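By letter and in written order, the chains are A, B, C and D; residue numbering begins at 1 in each of them.
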Amino acid sequence: MQGADENSFVEALLKSYPELVEEARVLRPKRVSILARREKAVRLAEILRDEYGFIHPISAGAVDYPKDMRIQVIYYLTNPSQRFILTLRVNLPRNDPKLPSMTRVWSAMEFHEREVMEMFGVEFEGHPNPSRLLLPPNWRGGYPLRKDFKGEGVEV
Amino acid sequence: MEMETTVKERIFDRYHIPKPIYGVLEYIVAWARKFSIWPIHFVTGCCSPEFMQVSGSRFDMERLGVLPFASVRQCDCIMIVGVISRKMGERVKYLYEQMGEPKYVVSVGACPTGGGPFHDSYSIVRADEIVPVDVYIPGCPPRPEAIIQGLMLLQEKIKREVKIGARGG
Amino acid sequence: MKIFFDLLVMALTSVNSLLKASWDSILEIYSMVYRLIIGLPELLLRFVSLNTKPLIQIIVIPGLAFILLFAVIVVWFERKFLARAMLRVGPYYCGGRSGILQLIADFLKLFFKEIVIPRDCHRALFLTMPVILPTIPALAVTLIPFGADWVLFRAGGLSLPMFFAIAGFSPLIPVFAGWAANNKYSVIGSFRAAFLYISAEIPLVICAASVAILAGGFDLVKIVEAQSTIWFAIPQFIGFIIFFLGLIIESERTPFDIPTAEVELVLGWRTEFSGVLFGFTMMAEYVSFLSWSLLFITLYLGGYNGPNILGVPLYSNIFWLLLKLSILVPIVILIRGVFPRLRMDQLLRLGWYYLTPLSLLNLFITLALKLLGVLS
Amino acid sequence: MTEAQVEPEIMRISWGPQHPMSGQTRILIDVDGEVVHRLIADLGFTHRGIEKILENRTFLQGIIPIERMSMVDTANMGLGYVLAVEEALGIEPPERANWIRSMICEICRINSHLYAFGLQAESTGYFPAVFLWTTVDREVLLDLMERLTGARWSYNFIIPGGVMNDLPEGFQDKVKEAVNYLRGRFEQYWEAMVENATFEMRCKGVGVLKREEAIRLGATGPVLRGSGVDMDVRKDEPYAAYGDLEFKVVTEAEGDAMARLKVRYHEIEESLNIIEQVAGDIPGGPVRVKVPLFPRPKPGEAMSRVETARGELGVHIFTDGGMNPYRVKINSPTLRNMYVFERMAELGRILVADVPVILYSIDPWYLDADR
């Protein structure tokens, strides 16, 4: 059945690297979500890429939860042979959201991380080119996609 | 930059041409400018496929003498086609300042005119906040016939404007 | 010419008499100047009546009116013809349903447009280059014979090398203009223009040389006379094709309009010119196209000779030349509608690897023909 | 060819937003003479903040901004959002609605590939012939969509729960007519582009993207399939009616500009077959399931994948039980392809004249990259 390889992947991952993965589950056929610990996220990413064949990066995004003071960064990946979507999530505290950059593992994440940087204020260490991607260069502060964004950077 | 509507010195006052010849010369200048509006090859937003259809084969805007041109020096009309983001707004201002003097602006679509479906976005600029606009064309995206009607309105405006000398040659 | 001399004498005598500054000499000067003014209309009349022929040549046939009219008609024809290729109508409302006045409207609008001179450009060069640009090909057009004795500038029997000497200037202007405009696109465009012209000049010169050998002289009139039996396109078919390609390269038509490649370099070295200056550069493109196609016709398609159908030999000569021109121009414009643009290195490879050796081959073939005495 | 090790004097050209070649973006090129050393795509010129706007629109209102993300294939963009909303609400559109959705998406795909043809032709200076033929053929499709949905570009026709209303009578044979006309026209495109020697000289072997590079750099859509990888969401994860329509995924092996063009060409043939199958045997039945005007899905998240003309669009909706979505994350295909474009300068030797050909063989639509 389709779901077979997702479940088998999740069990294999939990069995071999339990300490890296906080929580891994299959949301629905073809959707797997893994919650990684913050400090071991890059280590888990390398393992996913080398051993489990997730070499095709799709994109990266983030969600802001002001109520429980956390920002969740999400990396969307897929495996050209099994072709289901894996969302690798990392929870970051809202006051100092720092994360080692994933461009070491997947160089295609550069654009997406720049976008998360300017939209959420998440700081990626080791990013090759941490400049603005979408917002205008003379944008005066204010992270638009955060829930408490009041439009500070807007000037006519 | 509000448009002075008072009657400024007419084009040919500078050359001290006797009055009776004014009418003929101005008519010729108006006719020439009317029939050769060269918009810049510059599309700012999501109405760009409609602008392509208008310069395409069925609704051919070259019938009116409107020929999209490549460089900003030779053009005399910016067609702001689609939504202008804040970053694009500065570019539109630079372009407007680089153009030769009889220059016109046509704002195509609901977004440059009044924000359209993105009216409450943090990175949207309306056309008249940055450049003085001559013709507004509603619609999201406006139909090709509406764009051509907007161009005809611009031609009418050019014809009247040369008479009152609002925009000198 | 005699009138000039006695005018000059009159002016000189009045000047030295003025130096003596005696009262009666001043009176004498006044009377002389008075007679000069009275004689002026009569003087002009005699001037015109004496040398009417060169005046007509300068103004009408190979001169200004012909070139400007050709530019207007070809631009209008090109816009309508290419519009037809794009399945649309082209300029329509501007001149009573045919759009013929569209070009006049465009030029008049450009005439009344503000000329924007960028601050950090070389002011003198920036203003003069577009004006010189159309004059050089226009000079070249004067060499073309429109009839056995209807040649404006005979160049003492050396009109073919004179044509290449004049046309040799044309690569310089884009380089100066591009440099004067001090804009990145212009600089790259002007260097490309220099590459393009050099890679096209050499094959053209060799093909023209082989035509001169076959005709036995450098004078264009003699070349045309030699073609009365058979057009040179047939014996020198390779040269014919090379010259046709060279014609398109030299006048920067589409498969080779790399210096002003719209997609990459906006308008190449013409980017910074606005208003009338741009009008001149646009016109210059068509004047150089006219000069090269006229040379192509005189060298390979038998210039002005053809059966005498209009009675007066001069009229039929001009008729035949214009007929051949009106066949050649649509073909070149059609090529613009059908072919995409070449890359710079592909053009240079074409110019150096293919055209030059082929033109040498053509030269050897003509020598062989000449030795075997097939033609003379 | 040994490159001289001297430090090349680099000149940076900027093909700004106002440039015949670049659409709504700025391409910075580090050039030494004609050789390109580095390409930088400066995006963001059409950033309208759609993800922020969607947070204060209800689920039904959200279709309008999403459809303006890529105006040329609006239905695919709208379908991505609608599928995610339907998954969040847990509703299933009826069978006939799925078939109509597939037909509209295929029409938009052809519409968008025509845009790609036109611009790739224009980038080689082939301006008059092919570029304006595409506007003629697009008029045929726009008339079809106007007859069905009333609008030329942004249809708002695909809504959660099905499709706005049924096919007008006589629409099926109008579709058949259009398909036959377009088939005839597309042979001319093949002769005009692939079999034209000069065009081939300009496109063959330009911007080669090998298979591993394409996967590693995250390419998608015709760019990925042009390098031999057969990843197509319509086959991997069939949505709408693609499960029971037969069509094959087109791939080319060379991975250069000409291969991407051929992929688009064959994809149009597949789309025409799909449209013909839908027009031929579309099942009867209702067109829409009753959905409240302001639906409130239960908290959670839903992600949909749709194969748009430019690649795989992913819409990830987070819901907190309210009328508006809590957060909508859009994975745009062009942003991924623009990264591939930037890396092209390092993969092989490119000349200034090749940059427009490569850029338009990737067929970018900057609005959906900037959201």
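Things to note:
Simple rule for what comes next: contacts are C-beta pairs under 8 Å (C-beta built on N, C-alpha and C of every residue); 3 or more make two chains touch, one makes a residue touch a chain.
Please read all numbers here as calculations on a predicted model, not as lab measurements.
More C-beta pairs in contact connect the chains of B-C than those of the other pair, out of A-B and B-C. Taking the mean of the C-alpha atoms as each chain's centre, chain A and chain B sit 46 Å apart.
Put simply, the C-alpha centre of chain A and that of chain C have 65 angstrom between them. Distance between chain B and chain C, defined via averaged C-alpha coordinates, is recorded as 36 Å. Between the Cα centres of chain C and chain D there is a gap of 48 Å.
Touching two or more other chains at once are residues 135-136, 144, 149 of chain A.
In chain D, the residues that reach two or more other chains under the touch definition are 19-20, 44, 47, 49, 52, 132-133, 136, 370.
The residues of chain B that reach two or more other chains are 56-58, 70, 85, 87, 122-123, listed in rising order. Contact between chains, as defined at the top, is found for A-B, A-D, B-C, B-D, C-D.
Put simply, chain C touches chain D in their complex at residues 82, 85-88, 184-185, 188, 254-255, 257-258, 261-264, 266, 336-346. The touching residues of chain A, when paired with chain D in their complex, are 27, 30-31, 55-59, 61, 63-64, 74, 76, 80, 83, 85, 87, 106-108, 110-112, 132-136, 144-145, 149.
Against chain D, the residues of chain B that register as touching in their complex are 40-50, 52-53, 55-58, 70, 72, 82-83, 85, 87-88, 91, 95, 117-118, 120-124, 140-141, 143. The residues of chain D lying in touch with chain A in their complex are 43-44, 47, 49, 51-52, 215-218, 220, 229, 231, 236-237, 301, 303, 305, 312, 314, 316, 318, 326-327, 329, 331-332, 335-336, 338-339, 343, 370-371. Put simply, chain A touches chain B in their complex at residues 135-137, 139, 144, 149, 151, 153-154, 156.
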